[in-house]
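Below you'll find a set of structures to go through.
Each of the two complexes below includes subunit A, the first together with subunit B, the second together with subunit C.
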Partner chain A sequence: MPEYERETIEKLIDGKLSWPEVKGIMSAYKDPDRFDKYIAILQDRVPWEDRILLPLGLHLYIVEKEDGERVVRCDCGHEFGDYRENWKLEALIYVRDTEEKLQEVYPPLMHSDPEWIVLREYYCPGCRTQLEVEALPPGYPVVFDFQPDLETFYREWLGREI
Partner chain B sequence: MSSTREPRILAIDAGGTMTDTFIIDQDGGFVVGKAQTTPDDESQGFLRSSEDALSYWGMSVEDAFSSLATGIYSGTAMINRILERKGRKVGVIVSLGMEDYFRLERGVQSYLGYSYSDRLHVCTHQHRPPLVPRHLVRGVSERIDVFGDAAIPIDEDGARRAVNTLLDEGVEAICVNFMFSYRNPAHELQMKEIAEDAVRERGVDVPVTIASDHYSIRGDFPRLNTLVADAIAAEPSRRHLRSIDERAKDHGAEFDLRIMASHGGTISIESRELARTLVSGPIGGVIGAKWLADRIGVENVFCTDIGGTSFDLAIITGGEYDVKPYPDMAGMLLAIPMVELDSVGEGTGSFVRVNPTSGRIEIGPDSAGYRIGTSWPEGGIDIPTINDCDLVLGLLNPDYFLGGDITLDKDRAIAAIEEQVAAPLGIDVYRAAAGVVELFEEGLKNNVLSRIMGKGYVPLNYTLLSYGGGGPLHVGGISKGMGFESVLVPAWAAGFSAFGCSCSEFEYRFDASLDMPILPDITTDEKEGVTEMIDGQCAFLREKVIEEFARSGFCEDEIRFRIFLRMQYMGQLRDLEVRTDYEWLESAAALDDVIAGFEELYAKVYALSARSPELGYLITVAVISGTVEVEKPELPTEPLQGTSPPGDAHKGKRDVYWRGEWVEADIWEMEELKAGNRLTGLSIVESPATTLVVPPGASTYLDENRIFHLEPGEEG
Partner chain C sequence: MTDFLPRGKGRFAEEYRPAGWDGMTLKEMLERSEELFSETGRYWGVSRLEMKEDDPIRYEKLFAKLRGGLVNARETAMNVSASPIVQEIGELCFALYTPEGDSVALSTGIIVHVHTMSDAIKFMVRNDYEENPRISPGDIFSNNIPKIGDVHNADVQTFVPIFWEDELIGWAGGVTHVTDIGASTPGNVPVGPITSYEDGLDLTANKIGENDVVFRDHEIRCEMGVRTPMFWKLDERCRIAGCHMVRDAVERTIADDGIDTYKQFIREAIEEGRRSFIEKIKELLIPGKYFAPTFQDIPMKGEKGLPEYAAVDSVSHAPLELTVGAAGEFHISFDGANKWGYHSFNCPPSAMQGAIWVLLTQTMIPNDKVNDGAYFATTHEFPPYTLANPTDKEAATGAAWGYLIPAFTGLIRCISRGCFSRGYVEEVLSSYAMTMNAMQGGGKDQYGNDTGILSFELSCVGGGARGVTDGLDYGAAMWNPEGDMGDMEVWELIIPFLYLGRSVKPSTAGMGKYRGGSGFQSTYCVWKTDDLVMQNAGDGNTFPSPGIYGGYPSASGYRHNVLGANMPERFRKHLPHPTREDDPADSEISRCCDGEHLFDTRTLNYPYRMEHGDIYYSWYRGGGGLGDPLEREVPMIEEDLNGDYILPRYAESVYGVALEKDAEGFWSIDAAATEQRRQEMREERGNRAVPTREFLAAERGKITGGEIDGVIRRMYNQSFELSTRWGKWFKEFWDLPEEFRFQDEE
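What follows is the complex of A and B.
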């Protein structure tokens, strides 16, 4: 069963492994302690002390605060509220819904028709980091990507209580 | 004996793991040498391997090399150069709009050569760095259509601009590949002229090659890959081959080194198209099997080669192997004919693991290769392999691996299997190792069966031929209960691939797409017209054969030409190769012969009742094969002696764990056994390069050609 050095997992997070190394990791069995190593690295990198329960995407985490509340939090420390609510509703939103705005990020003729599909970009109000982008028809409700069942995940996948 | 011995043929197989050398004398006597491959300078491994082989005859390299008439090489040097993208800087010119061949790779190249599980695991698919970077590819406006007509004339100004901008980039070679150029090369020829003019004007030395001149085959992407592979790697590889040739000549050799090509013949290392040798190693065994089948009078042979990293299978039916037109190698589709061969990623060096999710044993697909397994501490391997299991069970002798050159550490293997396999499964280490070997053999057996049954044949009509370093060790387990007509293990199994190369013809083979229809109601006059067209295409290929042989000093009258035609029923998708003895077709009667040959072949490959002459035929590809006489090995023959082996062949006894219990095995020295001897299981026959296991209940008989016949017992 494979086991990787902490340094290897750090490079994996930072995208610094060569393709054959990444392919090797993908094709091998899952290293059983990956989750704990991964979380430990992320925990060391954020400037706050509260415990990370689960990463929720680049820069976002579900964090358990001292008072037991579980919230979505950005790298910078900005909080989006309870993890069972959609954090996007608390984010800054920029919508690219014209040809002009789309052509700031795409070459001409390579982007969507804004009458059919628009890009919605979500930014952290604390540090202005881009957190997520959605491509949706205009007017479509904000998508709630992911609401994990934390207790079950810890109990049945990691074999311990949260 | 040694004073009159005259070594005649040398064959080298530089595999990824070991460099095997096979040397044959004038009577068919032979020795096998092995040395670890030295990838940085293969001529070292070659020389060490030759020294090892000749030491059995008490000869030095100098004594032996001067009498050799033939030297043949097969290896992986060129393919490695392409994998590492090391070679000449090549510029490419294609039809306008098709410039992204190397980035799109027809999709399929992002996972060629992957294991089945990774093929399904889409996030592992990855485009490799393109063979030629996009900024060195130019499109030129032109179009030949599928009928060979010029639909858009070539844009001459654009063509000149393309060449000049490539020369500005400092390319060292230019390859041209236009769509449908195999139908009509006019635009490629025009492009070549324009390019050569531009090159001349600048006074630089940049060769220009066009696809229709080298690989006139349908399939523009495989054709382009092959053309570019030649341009990138042929010259550096030629230098490397010349260094081996020179190393041999320094030691007194007078032969010119030839190299195994994928179509099953050998070609000169000075050949124009070295890409034809990209795939060569594993097919040597198939050529050897065909040679052996001819000599001992069997028509149908199933070839199995168990090496350190893979299990290779091939079928010879009616004395002929199949050829596939578009093989892939190193993640590249190629347009060169290759002996049909299936390779499974399981060999004796394959890693053994317990899947933590399913709790099942899994073997391969990766392997320790030349590093054997955990039992060879110097190899730095921590995961147990099939070799380790064989050692733990007592099948392998730790002090006689490679004739004792390498000592294996059995305790280390036991510890690794205990920790990584036996403990997770909750069984003892010997049961675990035996289970792994049984699973390994079952897996190979299923592969053999699916290949034979999948083609509608039955094992009863086939002779199983087992070779490769690991073949004799596992052939008993693999063949058990399969009901093959017979099971043969040549005493020189370990060097069989190298030996096979020495059996091959000196042969150039060129293919060209033709797409010539033969309608069901064709008249005799029309048939004559068809043969004229075929002969015309063949005349073009024939010139290439003559040109290639001229490099080795052979003239036209010394060459034996044969026409092969690939054909199919009109509207069907798979073509078959009909091999004729015709040098030219010339008459309607010859075409009738070809058609009859196709009907017969089709009935063999598919079914008699599936023949459909009412559809008419399509001749897809015309092939010219040109051969010249070269020395080939004799089959060794020894006088038959009694059935009981000589006393000094018996090396002692050893405990072997066999299917759940400890059994005392007789150990024999292979070299000491005499023709006619018979052994019963459980016997283990050891030689420096391989180990033959005769299972309990089975027996084996060594015939006058030094081939072991393995006969299953009652239960088998």
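What follows is the complex of A and C.
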């Protein structure tokens, strides 16, 4: 099984490896220690101390706080609440629901009919980073993209307690 | 589907002799296999992979021999075909199956069919083909019905049973995507059939030959049933030649290694496939629940040529949910999908399975050891009466891809979320592009012959943005990773069109920190035909390739065709002619063409007449974006601008860059001014956005106040009717009464 230097994984995360290098990693067997190295790199990069349990996106993490509470947190430090609830409900939202708003992003004719599909942009209230964009019909519930089973992942797949 | 065909009777029954192993019929073998799987959870109850563990070199050699035989069959047989879809684009594949119909190995190519042909073989087995019409050495069978086992009707399958002494020891299966299937409208993803009776030629797993010879009556039937009989005949011979090469390879392998070894090997290979798939799930993903709904428009309202009940607008709902369990269970559900309709986009379970496999072989199991073992490691839910399982026999399936392709962008996003959380960022993808526009039609070609047209340029669209870089530009199709746009010169030989231009289409890719792969555009002039109808087929009013992690969806389609353009007159007068349309707001086609411009989002329409000198414009979609666009690095945006991948005004409005153009027309970006602009844009976001809970209160008012468009109301009501669970989820989210339903469309 391959094992990569931390520097290689960092470059991979940052998009700084060449395509042949990325292709090499994709074509090889997976490095089983990736998750731990990945978490260690991300942990060193965030400006807070609480432990990252699972990355959820480019800026979001499930974090265990000192009091044991597990929350979704942005790397800027903003907290969205319990990870079992949809973090989007605690975000800021901007909806592109007119042609004018859609044409700030797309040329005329190259976007949805806003009567049928709108764009919902979710921003972090702390740093205003655009965290997700949903393309949904008006009236669709907010999508809960991913609900990880943390206990099972750690205990049964990684073979250790959280 | 298995109950309406009569069983074999009379002389067939009297002369019948089981062809399965150890005196069993094939049906008994299939039932026994299912029983053992149900009892043990393992394929044929295989508990230990004896050959693989005790003699691994021999095991791998056997696999390599069979797999090599399949790839060799594909590479050789494709040259028997004359169709550019097969020869240029590689729309074919071959596979080896067990006697009861489970795939052991398959070639490269349209691997979407790893399981569809399994369904077709099992259909023959369950319907006692062994008794009637008989399965004997030298027989040839053919199928193209998705409700039996296929993706859409133009994927035509050929099967050849493989015997060793008196036993049937496997099946060779081959599939090609044919040029025309003889549907009510021309082409091979016909957008015109509104019932299955208009889907074209029906080959319902028929016996089409004996003693390695095709029945003449079958050939005549097909020649009369499709618009391109020459391509049809050579495609069929291509499939038969390939199947016979596979049969030869299997016979050679058995001659070398012995029949007992072969029998043991094929079951171990499938069981190994099952186990290794579960291992991959546990290696790459995170257990939990993933949800990624996708939508696509089917705008047929007011379409002339269709009856009133079919000439309606609708939006397809594909609420894909993936559940990954503690033991590596992999369950895909479409519970909540809306109802099948009077159009050709209905997608039977076999087609849905096809989509699962073509995507899993490009993500979770990207290696040569692909077989039905992975099928046995997964479960699925395709609710009856929905677009994902149109149980009504009447439902047309000719363009089943129209539901399947957008629906399964959700699977990619689900898998990507797992890979990202696990740290395997190199495997992360946003949504792939729709393989659209389907430039389709038919009539007479430039030689005066009947023709059906579908330019397979569409097999070369943008890939989704990746976790570590941009998506692949105009590079492949979700259904064929070896897809290619084909040479213009070859297309010009077979379709009555001249290319006026082919180039990158700007602003097709979803924007983001990493953008999706770009689409491209082709501008054609209708040439030397006096009888032609054409249509567009694609998305135009929805975003079926959403982004991920803050990236935007790729652009939605539009059409711009010109009737009465009279280009030969412009050529004679040396007037400018269009070669591209980079910006629909500043259209080169509008500037350079007189005539009636069909310039709108009617991107799915019934065929209409076009004439020599008219303009047909076709552009192919880009992939979804990944990450916040304000985080895209400046040098990447400069490359986008100077490579025509983006219209400059969107680099400013979405990426927040400060642009400069030099005297030679090259763009550069002021990094400092860009950083300041981006900070301002972040603040603007805060000013224009509201807390989500505030938005929800207002949105609920729209639902209860009747402000949702009638097409969407109908979509929701259908989902309520077909899934209590989905309806409950929807109503609980919005705190609506259990009996709530939207007011019906007028």
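To be clear about the criterion, the second predicted complex is superposed on the first by the 162 of 162 C-alpha atoms of A that agree within 3 Å, B and C clash if a C-alpha of one lies under 4 Å from a C-alpha of the other, contacts with A are read in each partner's own complex, and residues count from 1 in each chain.
Convention: a contact is a pair of C-beta atoms (placed from the backbone, for glycine too) under 8 Å apart; a residue touches a chain by one contact, two chains touch by 3 or more.
Source: prediction; values computed, not measured.
Visitor: Mind checking the superposed model to see whether subunit B and subunit C fit together on subunit A or clash?
Guide: Because the two structures are overlaid on the shared chain, the partners are seen to clash.
Visitor: Looking only at subunit A, is it subunit B or subunit C that touches more of its residues?
Guide: Larger number of subunit A residues touched: C.
Visitor: Tell me which partner A:Ile117 touches in the superposition: subunit B (first), subunit C (second), both or neither.
Guide: Only subunit C; A:Ile117 stays clear of subunit B.
Visitor: Applying the document's definition of touch, where does A:Trp19 land relative to subunit B and subunit C: first, second, both, or neither?
Guide: Both partners.
Visitor: Return first, second, both or neither, reflecting whether A:Glu156 touches subunit B, subunit C, both chains, or no partner chain.
Guide: The answer is second: A:Glu156 touches subunit C but not subunit B.
Visitor: Give the one stretch of subunit B, out of 38-46, 218-226, 308-316 or 596-604, that collides with subunit C after superposing.
Guide: The stretch that clashes with subunit C is 218-226.
Visitor: What is the shared patch of subunit A, the residues that subunit B and subunit C both contact?
Guide: Residues common to the subunit A contacts of subunit C and of subunit B are 19, 26, 30, 32, listed in rising order.
Visitor: Write out the stretch or stretches of subunit B touching subunit A in their complex.
Guide: Those in contact with subunit A are residues 115, 117-118, 121, 123-124, 126, 353, 355-357, 420.
Visitor: Note which residues of subunit A are touching subunit B in the complex, please.
Guide: 1, 19, 23, 26-27, 29-30, 32
Visitor: So in the complex, which bits of subunit A are touching subunit C?
Guide: So the residues of subunit A touching subunit C come out as 9, 12-13, 15, 17, 19, 22, 25-26, 30, 32, 34-35, 37-39, 54-58, 88-95, 104-113, 115-117, 119, 121-123, 125, 127-149, 152-153, 156-157.
Visitor: Can you list the subunit C residues touching subunit A in their complex?
Guide: Interface residues on subunit C, with respect to subunit A: 282-284, 286-293, 295, 297, 315, 326, 413-414, 417-418, 420-427, 468-469, 507-508, 511, 513-514, 541-543, 546-553, 555-558, 583-585, 599-601, 627-631, 647, 650, 653-654, 682-683, 685-686, 688-693, 695-696, 699, 702-703, 707-709, 711-712, 715-716, 729-730, 733-734.
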